Structures are given as C-alpha cells and as structure tokens.
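Sharing a structure, written as structure tokens. Questions coming.
Labels run A, B, C and D following the written order; every chain starts at residue 1.
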Amino acid sequence: MSFLGFLDGLGGPHVRDGVIHLVVVLASVHALAAVTAIHVPHIRYLAILPEIVMLGGAVLLLGVASLSDRPVRMSVTTVGTVVISGASMGLAWWQWADVRQHGPFTTVAGAVVTDGFSALIAILASTAMLLTALVGDGYLRREGVEGPEFHVLAMVSASGAMIMGQANDLIVIFLGLEIMSIALYVLAALNPRRATSGEAALKYFVLGSFSSAIFVYGIALTYGATGGTNLAHLTSYLSTHALSSNGVLLAGMGLLLVGFGFKVAAVPFHMWTPDVYQGAPSPVTGFMAAIAKAGGFAALLRVFVSSFGTLRPDWRPIVYVIAIVTLVVGAGLAVVQRDVKRMLAYSSINHAGFVLLGLQAADARGVSAALYYVFTYSFMVIGSFAVVTLLGRSGDVGHDIAGYRALARRQPVLALAFAVLLLAQAGVPFTTGFLAKLQVVAAVVDAHSAPLGFVAMGSAAIAAFFYLRVAVLMYTPRRPRWVPPGREIVFDPIVGPQASTAAREGSGVSGQAEPEIAPGGSLDGGTAEGAVATVPRTLAELRLWSGSERTVAVVERLNADLLIDREAEAVEDGAGGRRVRVPPAAIVAIGICIAVTVVFGIVPGPLVDFTHHSTLLLLR
Amino acid sequence: MSVLGSFAGSSSTLVGGLPSSLAVDPLFSRGVHWQEVVIVIIRVLVAFGVLLGSVVMMIWFERKLISDMQSRIGPNRAGPWGLLQTLADGIKLFFKEDLVPNRSDRFVFKLAPYLTLVPALLIFSVVPVGGVVTVAGHTFELQVADPPMGILVVLAMSSISVYGVMLAGWASGSKYPLIGSVRASAQMISYEAALGLTVIAVVIVSGSLSTRAIVAHQAPAFWDWNVLRLGVVPFLIFVVAITAEMNRPPFDLVEAESELVGGFNTEYSSIRFALFYLAEFMGVITMSGVMVTLFFGGPDGPIPRFIPTSDLWFPSVWFLAKVFVFLFFYVWVRAALPRLRYDQLMDVGWKALIPLSLAWLLDVGAVIVWGWWALVVIAVEIALGGVLWRAFVVGSRRSEVAAIYPPIASRMLTVVPEPTAEEEQE
Amino acid sequence: MNPSQVNVIGMDLVAAVHKTGPDIATFVVSAIIIIAGAIGVVFSRNPVHAALSLVMTLFGVAVLFIEQQADFLAAVQIIVYAGAIVVLFLFVIMFLGVDRRENIAAEPLHWQRPLALVLMAAALAGVIALGVGSHWATGQQAVAGSTTAGGHSNVYLLGKSVFTTYLYAFEATAALLVIAVVGAVVLARRPSLPSVEPETDARGAAVSGQPGPDGGLHDAAPRGSAAQDASPADVRAGQSLVKEAGR
Amino acid sequence: MVNRETMAQYLAIFVLLALGIVFGAASLVASALLAPRKQPSAAKLAPYECGIIPSREPPQRFPVRFYLIAMIFIIFDIEIVFLYPFAVILHQLRTFGLVEVLVFAAVVLVAFLYLVSNGALSWGPPKRLVEGMGSRTSETTIERVGAGASSSDRAA
C-alpha cells in the first residue's frame, strides 16, 4: 500500500494505474470490455447434433491420422466411420421423434430448421455414409489407398447433404452444397492409379464450380428481389407482395433451378454425369449418386415448394419440360451404353427425372413421393455400385457389360443381388422401386399433369429393357473358353459388336496395343472371361506364345505391375473363370440395401408413412 | 481504471464519427468540396516529399552506420559526411543503360517495379505522423488518410507487394531471378499470415481498424502502449514477420548474393533497379511507422505529464524519434545477424510465429472476456502446442527422403565388369 | 424487418436517389478497370497476363465496394483475392511450368465461339433488362439500413451479421476449409501402387522411381539435394547431369 | 462516418497512388532521355549467368510444396479475414463470440495438423539418408539415362 502511495506521490494516479497495469497486464485488459452487448442467437443443439457428430467425427479422424506415425489401419477408420455415422443416424432419429412430438422448430437465428424433412435427409445421408464405409473398406484395401481421406471426405460430404436438408437460408444451402460437392470432387479423384479417375474429377470440378457460380448468382438475384436470403423471409415476403411477374425474382429462381439441376443431374445440365460416374472409383460413384441427389433434391424441394410456393404457375412448366427431357434422354442413352457404370449413370439421370415428377406435382403428395423416391433410390444405387465395385477387381476396371456374362455361374449370390437391385431400379413390383415410381406418377397425374405421367411410364419401359439386359446376360452361359486366333467372330444379339471384341481379346489380339502384349485382355481378365486364357502364366508358356525376348521382358513387367494383388485375392474356380473374393463388410452393405429394397417393397406401410409424415411436417 | 474508462469514451467518438441522424442517406451528402480536394492534394504532396527525403537519408544512414559497425568509413565524398551520396547514386542510375533482356516478358518486366513501389508508398498513407493541426479553418490530422479500415490498407498493400518480387523474377526469363522470386513469394505469403494475426490482437484491444483510433487507444502514456498491454509477444512476432515481409536481413534470401547473384532484380538496371531499391527502403520506413502506430502509441509521448503531446510539433518529433529507433534496429540487425537458411526461414514462420500468434490473440480475447479463466484457454493451447509438435515430428519423419545417389566413393571406384559371353546371350 | 414497410420506404426513395458527380466518376473509372481487366483475362494468350488482368478486375471491384461504403469488403477483396488466391494461380502458372502461350487456333468444336458470343450477348441483354425493368427490393439505403447504422463502423455491422444471422454459415466455412486442405493434399499425392492404365504404365514404372515409404506427398521433380534447398528442381537439368556423368 | 469524411480519406489514398505512378513514370521518362541510346550488345541482353553462356531453359518446375504453402496461406488468410470482424465486436459478443471463434480455430488447426503431418512444411535437409540406389555400373547408368529421358518427356 505504501508502495502505491509512493507511486501516487511520484507521478500521480496515471503512474499508479500504469504500474498496476504492468503487473497484471493481461488481467487488466479484461476491464476494457465495453458494456453494450449484441443479442446472440439461441442455439438448440438437437437441431445440429447429427452434423456436429458427423463433422466432428471427420475432423477427429483426420486429427488422429495426422498424429500417428504410420498410416491408420483401414479397419480402424472403417469402424470409426461406421460408429460415427451410426451415432449421427441415431441422433437424426431422435430429431425425428422430437419433431413428431413437439413439432418443427428453427434455430441458430433462423438459419436452420428442424422438421421431419430435415430429419429424413439426415437419416438418409448418415445411412448412405455407413453403407459406403462398408463398401469402401474392401475397395480401399484392394486398391492400396491408404489413410483416412476417403472416410473423412465422405463424412464431410454427407454432412454437407445434411446441411442442405436442414438449411433455412439460401446462404446456408450454398455452403452445404459446396461442402458436399467439393468433397465429392476430390473423392472422384481418389484412385490415383487410374487416369480416368483424375479426368472425372477435373470434369466434375470445372462444371460443378460453374454451376455453383450460377447458383450464387441466383441467390444474389433472389436477394435483390426480396431483400433477404432467409427462406422464411422469402415466404412471407412473397406472400405479402404480388411479384409473380418480377423479372429479377424469376431470373434468380431460374438460376437456382439450374444450380440444383446440375447437382441432381437433370437433363440439360447432366453432361458431367456419365463421365464422372464412369471415372470415379465405384464406391464413390454409389455414394455420389445417393448423396448428391439427396442433398440436391432436399434443398430443391424445400426452396421451390415451400418458399417459392406462391410462384408455382411460373416454375411448374419449366420443371415439366425438364422432367420430360430428363426422363427421355436418361432412358434413351442408357440403352446404348456398354459400360455398366455409364449405364447406371444414365439410369440415374432417368431416376432424377422421376423425382422431378414429384416436384412438378408441387403438393404434399408430390413431395412425399419425391422423398420416398430419393430415399429408396439411395439404397438401390449404393447396393448396385457395391456389386460393381466388387466385380471391378484390382484397378477398378473392366466394367464392360460383356464381362457380366455368366456371372451367375461363377458367383450366384452376387449375381442374384445385382439382379434384384437392377430389377428394383426398373420398377418391378414387390420392390421399393415399383412403389416409388407408382407414387410419383400418381402424384403427377393428380396434379393435372397426366401427359408427364405417361412419358414417365414410357421411359420406365425403356429403362426396364436395359436393366433386364444386364440381368439376363448374367444368367446367360459363357462362350467356349479358348478361341483360336482370328478364327471365330461371334455375334451376340445382346451385346452386339462387343462380342467380336471379346473374341479378339480371347485370341490375345487386342485392338489398341501391340499384339503380343494384350493389355486389354489382362485388364478385363476377371470379368471378360475369354481373356483369362490369354495371358500366359509361366515364362515357358510365354516363350511358346510369342518367341520374342523383348516381349518376355515387357510382359513380365506388365504382369508384375498389374497382377500384384490379383494373385493374393483372386480365387479361381474349376472352370477357369475368376471369382472375386467378397469382403464381409461389403456383404453386409449389399444385404442391407437389398433388405430395405425388398422388405419395404413387400410391406410398404412404414416407409410410405415415414416419408408422408416428413412432408406434412415440412409444409406445416 | 479511471484511465481505461476515459478511453472508452474517446474511442466511440473517433470510431463512430457522425451521429446516425446525419448519415441517413450518404448518397445525398457524399460530395467532396474543392477546398478539401486541394488540402488533400497538398497533404499528399508534402507526405510524398517527406517520404522521399527520408528514404534518401535512410540509405545514407544505413551505409554510414554499417560502415561504422564494420570499422569502415563509408560514403564520405559527396557532400558533408557523404550526405549527398545517395542523391549522386540516384542521378548516376539515370544515365545508365536501361536493359530489357531478350528472354524476358517485356510487359511484366516493366510493370514489376511499379508493383513494388506503389504498395510501399500507399502503406505510408495510413500512418499517423503527428497530432491535429488547423490550417485555414480546416482541421485535420497529420496523416495522409484515415479510412475506417485503416490497418487493413497496410495488410492489403503488403499482400500486393508479393507481386512485384514474384513478377520481376519470373519476367526476367533467367535462372537466378526466378529462384529468388520463388523463394521470396513463398516467404512473403508465409509471414503475411503471422502479420495479420498479430494485427488482430491489436484490433481486439482497440476495437477499431482505424489507425487513428488505434493510436488514441494507446494514450496517454507508455504503459498503455500496445506493446505492453498485449504482453510484448505480438510485438516481437510482428517485428520478425515484418522484417521477413520486407526481405530485409536476416531474411533476405531473395537476394542472397552468394547463391543467387542479385536475386529477383539481377536483370534490372538503370532506373528500374533504382525503383526497387527505393521501394525497399521506403518499406523499411513505412513499416517502422506502422510498428510505432500499432505498438508504441504513434505520435504520443511516453509520459504526458512531463512532456506535452498536444503541441503541433511534439507529436511529430515523438513519432520520428520512435521510428528512428526502429531504423537503427534494422541496420543493426543487418550488420549483426547472418542470413537464415531457407528451411529455417520457413520453420520460423510456420512452426513458431503463426501458431504462437494465433494462440496469443485467442488468449488476449479470452483474457478480455473471461479474466483469469483465460488460464484454462492458455493451458489448452499449450497442450495443443504439444499436439502440433507431434504433427511436425510425424511430418518430418514421413517426408524423410531417400538419398537417390550412392556414396561418392562407390560411384568413383566401382569397376564395371565386362559382360561375359553367357550374360550377353541371356 | 417488416417487408411491407420496407417496400413503402423503398418506393419513396427511388425517386429521391440521385448520384453526385464524384460518385459517377468513381463508378465509371472502376467499371472501365473491371471490364478492361475482364477482357484481358479472356483474351490474354499468356496465362500470367491473364492472371494480372484478373488482379486488375479485382482491384476495380474493390474500388466499387469502397464507393458503396463497404470498406471492409474492399480490403478483403484485395487481401484474399488479389493477395492470396491469384498468388496461388501465379504459383501454379509460373512455378509448375504451365506459363506457355496457348494455341487458341486449335478448336475442337468450331461452332463453339460464335455460340459463346451469342450466349454472352443474350446474358448481357438479360442482365440489362433485369436491371432496368424490374422491381428490386434492395439497393435503397433504407432496406438494409445504412451500412454504418447507429454510429457503428462497417466492420462492426458485418461482424454482428456474421456472428448472429450467419453464424451457422460461418461455422460451416470451417468444414469447407478442412476439405479444401484435404483435397489439396490428396490431389498432390502420387500413387503408391503403379497405375493400371497400360499406356502410362509402360513409362510410369520407369518414371515413378521410388514412391517413398508412405505414399505421402511427393514433388513433381526427383528429390535430390537440389529440390531440398529449393533451388531449381528441374527435371531435365537433373537428368542431363546424370547423362553427362554417364559419358 | 461515411460520406464526405470517408470519401476524402480514400481520395487521399488514390491521389497518393496516382502520385506514385506518376513519379515512377516520370523517372522512367527521365531515364529514357538521359540514358545512352546505343543498341546494347547481344551479350548484354542475354540472361545473366555469371559469364557462362546459358545452355538450357530456366527451370520449369518447382517442388509441389510451394503450391501447398500457398494453399495453406489461403486457409489462414480466410481465417484471418473472419477474425477481423470478431476482433472489432469481441467486446460486445463476449463469451459467445469467443467460443464460436475457438471452435472455428480448432477445426482449422486440425487442417493445419494434417498438412504438417503430411510433410507440407518439411523443408529441411533430410535428417537421415537412406541409400536409395546401389553402387553404379554401366548398366544402372544406362537405365537411369533412359528413365531420365522418359521423365523429362513427361515434365515437358
């Protein structure tokens, strides 16, 4: 005290204060805080818990992987991802229960809405994540992709879809869209062994960024027309202002539609789909198809049906046209594809057309049908791509449809599973696919757009053809095993000219490379079974086969590079065709997909009720 | 506490400016009167002249001081004590050949000096160099401009200054400049992050981005200068970061003569070279001014009780005195410290300065909000520091490089055996 | 904010707003800068010149922001876009060796350019039509409130907005940053197993050299001592040294 | 706050900008008038190589690490940009704002950890040398030259 008094005498209160200041510099800064406070938003954590768990889990996984000396083991990351997405799913169910009891609510300054709709999307996204983790496990081991990046990116992407589902603000929708998409761009490039993977990622990235820019422009114009980005604000503003013919608003709405249309692969904006679906690693393709459609349609339905509801007369005709084109082009081009992944890509475009039917109906029934469609389609597509993943073998190549011939003989279970999933996509009764198509068509007919319903049914018939084609091919017996070089050209009525190519491969003569090397043959070896015979197994055999020292060296190296893990994994059956080993995790995933597809196809009640209630809660 | 209370009041007038009733629609009242324009132009001209003059003096000062430190005489021919040496050098450069190398990208090559000079110049505009003066009825501060985002002008310009170095090196179409510019641009962006983070710590306590408001918050005496109020560390980080940002020794890898001839400006001659040189020293002066503004109370005197600060001249004198200390410091550092190696430079920036400055600014925020409970935050940060260290260890272990060349001895001594006939047939 | 009230005020202000001389001058100058820069981006044959034109455009936009009293945005525009993002572009262009003039003559789809022109004209016409003949809810001062309402600075209001209305978006940005980082690392990585495409494989096996113990980050160039101290890791330079030694 | 006062401030900055450009341009003009006019020799115009005639292009490729540095910088720059408004209104936001920013910073820190542990910042000279290549014979040299040729093709 006397010291302070001394200071007072020396330099007055300033000095005294200053010395106190120096002693407790940090503590006295505390006193600088001003009094006026900003009203901070209230956060109800239940609303964002699924996202927090998913994102937090991804970040945690990334952190753990960053701190461990050796790469984290795949089993650890897979189990971690499954647990995290399971927890997220559980929380989403909790949300659902809460909303059923207490009704929907908004939180975080109105940026987030929790209703049945958002809970459904969260459940869907976390389930898709869980299944993809199971499918990806075997794939990543097979391809030698180390590290947790696949899981981290997928989880972030899934949480992006969840954010899109619960967003109540255009800005938040945009962020969800970007979080989802950017992670998907990178996932598409995840397999560095395939140049097509990188190419797919680049195409997806460039076109996706472009569409994002268009989307942002749409947000800007909508903001310009209404003075806000919050969906609730939009709704109330549009209901109090007669702005139906306002150019700015219409333009903004149109651009938003383009942005969404790109994400869900509706037709004029679908160009990226086949290349990306084909090039991306197969489990990623399944995930992408499920997640991008879920997130995209979630936000699309919420924005258009709920916020732009008063503008229905303006946007329904546009959606009408887009839906028709999407249905026709998707189904038509899928028929002529020779690559299974590409075919599934076009079929996903076709499916997008069906979901658009629900949007076009623009009422509770339509939204319910669309939700049901998206929900069930996710299981079908993830399951289908899981099978494709397994059959892709090392390098994830050889998805030629011809390779699926006689699959049933080699791998009856896998063939059966694929057949079921394809038939479900085709809309065969007693599957969810049938109910989904039925509901959207019924909704659109109810909404006085019957011609659209007819087009949809027509496209479903075309689609049934190409799904059945693959299913039938799997149960068609194989050709003779060894075809002498240049002797025989088989014409296959189903696969067409492909058969002759297969025959050439069978002879060890490939179209593109040097005749002796026959890389095409060895690559397709697993599935295009004629090729199996082509690559000689021993050096002696090879010498007989070619007689050239140089070729021996080249082929030896090629084999060493290409067949590394095929040796370890592939089990040959007696007939000489190669079976793929099916990892248990993938069996579980495919099993779940088929179970959902078939069980809810036979007992439709619960799932239909589920989507129906989500819709009611959305429209409140 | 009474001291602190008084700032809070002064800040709102400075930051707030006009009451909201006057700012109903700025579109109506945005016009600038011609008298103001004239005053602005005069201010700018004066500031520019002063800055150029001080650059000339600074170059002389540096050469002279360095020679003293190295027991040399230094420039002593042109003018008294060689004072006019810089001027003579400048004039000489006008008479030199202006070469544009034939491998260069001519447009970018000519553009680069401007991109170095202009940012260095513009930073000076927001530095308050004195108190408030009244001329012909107009009252203004001794400062070229005091925009509301003042300190961001400094950061924006320092981020723009990357371009000059980067483009100069690339456009030269020559090896050494390119290497110098690669190094420099990576270095500059690395240290810019630390720079921005320390400035945020300052903004947290002053609650405003305006440089004038930041200075006002450090009144009235030296114990309220941010250097002490923020606990010295942000200042130290800022000094290091700003030195690296300007490519001054010991961070001058850009122009490491022993490795890179002359660095990014190897191919430059004549007045273009002079512009680079000018920009470098202008940067030293303006950045010293920024440091004084942010951490040392700008034009305020240390203890107002004994030495008045409200006078017309005193603030400017104080300001110059403080800046001079930093100028001396820079020259001293140049004379005393050896140049860093590139990996050391990157390590200092990324592994020390950036994490530390981020942690410190969060600490400052935590102290303001939570008082002593901020210790919890600090403890967590220390733990995270350990985690970060672990990540560095993992990183360096993972990127361990296999030497691709065999030991020299075996390279020299391996006897290559003639292939035998059998092997040849094989 | 009550929308109907907003609308009334907005309508009243439409007639009253007129811009002063300096405003118009600022706008015109920055518009010229922006458009010139944009044209430069599109028509420069040298990618570095295009990037510099982009900086010019960004600078013009920053000036427009200042003219709209969005000081902070103007600074952010310079700091983030000009100071970081275009620098990243230039890094890639200059230092990863893509700074070559493009051959624009080769055009796989010859109708592409006329079509682009037509579409651009249509878009421009659309924008102008929208700007002139539509009802905008924003644009008047009264709608969003003054950018510096209540005597608070622009940054203050922006911060308030970020930490209240757009809080969720702010936190979501963190996730975006994380995947940006992960993506950058994943894409910069090289495969730990050989490529499966036969064409690249024939060379790839020879080229990839040592993939490293972990499949971690690898430089595009071989990592001799040269790459380590950031002197030129030029592939060709390195190899020709070897070649000379071999002779 | 805005209006006249602010505009005058920016006007000053732009005047200074213009002055800087004019100064640079004027000195260039002066130099053009005063400098010798003769055509410089070819040697003078060649890239400076310490007197050795340059025989190959300047390097085309630098380590990917430079690009990663720029990438991390963008991440931090964006974080910094968010921190400025936070710094200005921290006094009003108090605990809420601080917690939000701490969460944000923690997430970004994990991104930083990931980069660091992947060696994006490991510039240093190798701490331990592993012998990557056996001793040299004519065979290995030939192989290496072959590999070099193909890899330079790829780089080009």
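The rule we apply is simple: a contact is a pair of C-beta atoms (placed from the backbone, for glycine too) under 8 Å apart; a residue touches a chain by one contact, two chains touch by 3 or more.
No experiment lies behind these values; they were computed from the predicted model shown.
Following the contact convention of this document, A, B is the list of chains adjacent to both chain C and chain D.
Between A-D and B-C, more C-beta contact pairs join the chains of B-C.
Chain A and chain D have Cα centroids separated by 36 Å. Our note on geometry: chain B versus chain C, Cα centroid distance of 25 Å, whole angstroms. We define each chain's centre as the mean of its Cα atoms; on that basis chain A and chain B are separated by 47 Å. Distance between chain centres (mean CA atoms), chain A to chain C: 27 Å. Among the residues of chain A, those in touch with two or more other chains are 32-34, 38, 40, 59, 62-63, 66-67.
Chain B has residues 16-18, 23, 26, 30-32, 147-148, 152-153, 175, 178-179, 182, 189, 192, 196, 207-209, 342-343, 368-370, 387, 391, 394, 398-402, 404-405 in contact with two or more other chains. For chain D, the set of residues touching two or more other chains reads 1-2, 6-7, 10, 58-59, 62, 66, 70, 72-73, 77, 80, 84, 86, 88-89, 91-94, 96-97, 107, 110-114, 116-120, 123-126, 132. Chain contacts in this assembly form a complete graph, since each chain touches every other chain.
Only residues 1-2, 6-7, 10, 56-68, 70-75, 77-82, 84-86, 88-89, 92-93, 96-97, 100, 103-104, 107-108, 110-112, 114-115, 118-120, 123-126, 132, 141-142, 144-156 of chain D touch chain C when the two sit together in their complex. The touching residues of chain C, counted against chain D in their complex, run 22, 66, 69, 71-72, 76, 79-80, 83-85, 87-88, 91-92, 95-97, 146-148, 151, 153, 155-156, 158-160, 162-163, 167, 170-171, 173-175, 177-178, 180-182, 184-185, 188, 203, 206-207, 209-210, 216-223, 225, 227-230, 232-240, 242-243, 245-246.
Within the complex formed with chain A, the chain C residues making contact are 1, 3-4, 6-7, 126, 129-130, 133-139, 143-144, 160, 163-169, 172-173, 175-176, 178-180, 182-183, 185-187, 189-202, 205, 214-215. Across the interface of their complex, chain C is touched by residues 12, 15-20, 23-27, 30-32, 105, 107-108, 111, 147-149, 152-153, 155-156, 159-160, 162-163, 166-167, 170, 175, 178-179, 182-183, 185, 189, 192, 196, 208-210, 259, 341-343, 398-402, 404-405 of chain B.
Residue ranges on chain A touching chain B, taken from their complex, read 11-15, 17-19, 21-22, 25-34, 63, 66-69.
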